[in-house]
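Naming follows writing order (A, B and C), and every chain is counted from residue 1.
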C-alpha cells in the first residue's frame, strides 16, 4: 500500500518534472519564434513545421504554448512561493505570540475568506487595470490566507509540545525558537498545501488573462491564447484546443501530486 | 532524615493564584499556594489529576504568568520575569518524555542546544554516564529511544543546563515500573552527589515517600496538608490525604 | 477442576522476522483472574492481540514477512474448545464483545469522542444482538458507583476524565457480559486513587458474576490486588507462573525479584 503510493507519487512528480523541463527549455525546444507573424501561414492546420498549427496571425501555436507555459508557470510558482513565505510568517507569528496582533490578522483573514477568491481577484485586477503584475497581486491578496491559517493552527499545536517549553527554559528567544523548532516542523504540511495551490493559482491566472485582466498581448499566455483564438474556433480549433489541453494537463498533474503527497503524509 | 532546616531557601512562592476561564466557567487552578524549597531538598507535590499540581510548576517556571502572588529565588524577586529568565535558576522535566525533544534533532544536538551557548561534549558524556545510558544513544532521534531512555536524556539536558533546581512534572507516570525505578535511582543519586533541589509532582504518594523530604498534598488548587513526608504518611490529618495513602498502600507491596 | 476457558499452548508469534512470543503456555479456568506481568516490550500486549484474533490468517503467507503484521508461528489458542488461531474475521467479530471482551489502556480512544454515550451504548448492544434497556444500563452504572447515570449517559467521552472513561468501559464489559474479559494496562494511565476504584469495580465483577479475566500490567502491586494467579513475562517467555500470594512471597526467578523491587513501597525509609 505504502510502496504503491510512493510509486504513484514518483510518477506524478516525474510528469510535473517533464512539464517544468519543457517549459524552462522552451527556447531550445520551440521550433519557431512565438511572436513572429507569418501572413502566408494563417490558421494553418497542424503539420511538420507547425506541430500545433498556427493562429490568426500565423504564429506557431506550439511555440506559443511553450513560451506561454513559461509565463504561466513562472508566475504561478513565484506567486505560490511568495504567498507561502508571507502566509507562513504571519501564521507563525500569530500562533506563537497570540494577543491582539493575532486577533487583528485573523479577522482580516476571515473577511478575505468570506468572498469567493475569484470575485476578489477580478475586482482587484480590474482596479489595477490588468497586467501580469496586477493579476498576481489580485490573486495573492487572498492566497496567503490559507497558508497563514494552516501555519497558525500547526504553530498552536507545536507550541504545546514540551520541547518548546524546554527551549524557552534554555533561554532561547521567541524568534530563534520559531526558526529552529516551529518552522521546520511546519514545512511538511505547508509544502503539501503549496502543491495543491499550484493548480488553483494556475486556473486563477489563466482565468484573469482570459478575461483580459492578465497579460497584455502579444505576450504568450495560455489563458489569453484561449481567449484570442476562441473567436475563430470553427476555423482553427487547434489554436484553442492546444492551450486548453496543456492547462488542464498541468492542473491535473499538480493537483494529483498534491493529493498523493497529502495522502502519503496522512498514512504515516 | 537528613534535611537540614538551616539550609538556604532557593525558591519561594507566596500566595500563588491562577485562574483559568473556560467559556463561562472559571476554574481556580491555584488558590493562594505557599511553597518553598531548600538547597538539596526534595519536595513532593501530590494530588489527583486536576488538583493544580502541574499548574503550580508552570507558574513557578514562568511558563504561565501568575494572577497573584510572588516568586523569589533566594532573596531576588522573580515574579513575572518569564521562563527565559527563570531558566537560569531552574529546569523542568515533563511527563511526556518523547515530546520533550524536537523530533527532527538528535539527542546530542538537543542537549547541547540547551546549554546557553556552552558546547562541552565531555560534560554531556559524563552526564550520560551518570544516568546510566550508553553514549551511542546520543546520535539517535527521540523516536528511536524508549520512553525511559528519553526521560533520562531529559534529565541529562536539565543538568547540562547547570540549574540547581529541577521541576519534575509526573516524570515517571508514563513509564513502566522498571523504568520508573531507574529514574528514582538516578534522582536519589543526584541528590547525594550534587545537592540538587527537586520539586517532584506526582500522583503516587508511594514514590514521593521513597524520594522526598517534605510533601504538599493538593486538592482543587489548594494545599490541604503539608509537612515532613514521614509525619504526613504516618499521621494524615486531611481525609483526602488518608484516601490517597490508603490507595497507595494497597498498590505497594 | 472446571473446564479451561482459555488454553494457550506453545504459542510463538511475532511481527515480520522478529519473534515476540516464544512458546507461551497458559491456562485460564472459569472465574479465575490471571495476571500477566512484565515490562513494556515483553510481549504482553501481543498476547492479547492474538487472543483478540488480530493476527494474519495462517494461509496468508504473502504478507507474513512484513513487520506491520502479527503472525503466528506455531502453537494453539483454544477458547472454550474453539481454536482461535485459525478462525475467520467474521467468526472473530461475532466472538468479540459478547464472548471475549477487551478493556484497552485508553478506552477514550475506542469510543467516539463526540458522540453521546447512550447512542454509543445502543449501537454497540444492537450490533451484538442485545436489547437496549436504559434501565439496565442505569442499574449497571449504579452498581459500579457511577453517580448520576442519566446525566452521564448524555455526556460525550471527550467531556469526561480518563478515569471516568475507564469506568464506563468496565460498565460496557458488564453489559456485554463476556465469558472472558481481557484488561490491557487498564490502570496505568490513571492516578493512584482512581486506579484503586477501577480495580475495586473489576473485583466486584469477578465476585458477583464469576467472570474470568486476563489482566495485563507492569505493576505487581496492582497484580497482587486483583490476581488469583500471576504469570511473569520476560522477553516473550513466561518465566514464572503460580498462585499470586506464593509467587510474590517467594519469587523463584531472578527477573520476578527485579520487578518486585521496582514497585514503590510505602513502608520503606
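Just so we're on the same page, contacts are C-beta pairs under 8 Å (C-beta built on N, C-alpha and C of every residue); 3 or more make two chains touch, one makes a residue touch a chain.
The model shown is predicted, which means the values in this text are computed figures rather than measured ones.
Peer 1: Can you give the shortest number of steps from subunit A to subunit C, where adjacent chains in the path must touch?
Peer 2: The least step count works out to 2.
Peer 1: For this structure, I'd like the pair of chains sharing the most C-beta contacts.
Peer 2: B-C
Peer 1: Centroid of subunit A to centroid of subunit C, CA atoms only: how many Å?
Peer 2: From the centre of subunit A to the centre of subunit C is 53 Å.
Peer 1: So, what's the distance in Å between the C-alpha centres of subunit B and subunit A?
Peer 2: That gives a centre separation of 50 Å.
Peer 1: Please compute the C-alpha centroid of subunit B, do the same for subunit C, then give the distance between them in whole Å.
Peer 2: Subunit B and subunit C have C-alpha centres separated by 33 Å.
Peer 1: Taking the touch rule as given, give the residues of subunit B at its contact with subunit A in the complex, in rising order.
Peer 2: 61, 63, 83-84, 86-88, 90-92, 94-96, 99-104, 110, 113-116, 154, 157, 161
Peer 1: Sort out for me which residues of subunit A touch subunit B in the complex.
Peer 2: Checking each residue of subunit A against subunit B gives 161-163, 165-173, 180-181, 184-185.
Peer 1: What residues of subunit B sit close enough to touch subunit C in their complex?
Peer 2: 48-50, 146-147, 173, 176-181, 184, 203-207, 209-210, 230, 233, 243-253
Peer 1: With touch defined as at the start, can you tell me which subunit C residues reach subunit B in the complex?
Peer 2: Where subunit C meets subunit B, its residues are 39-41, 161-163, 188, 191-196, 218-222, 224-225, 248, 258-269.
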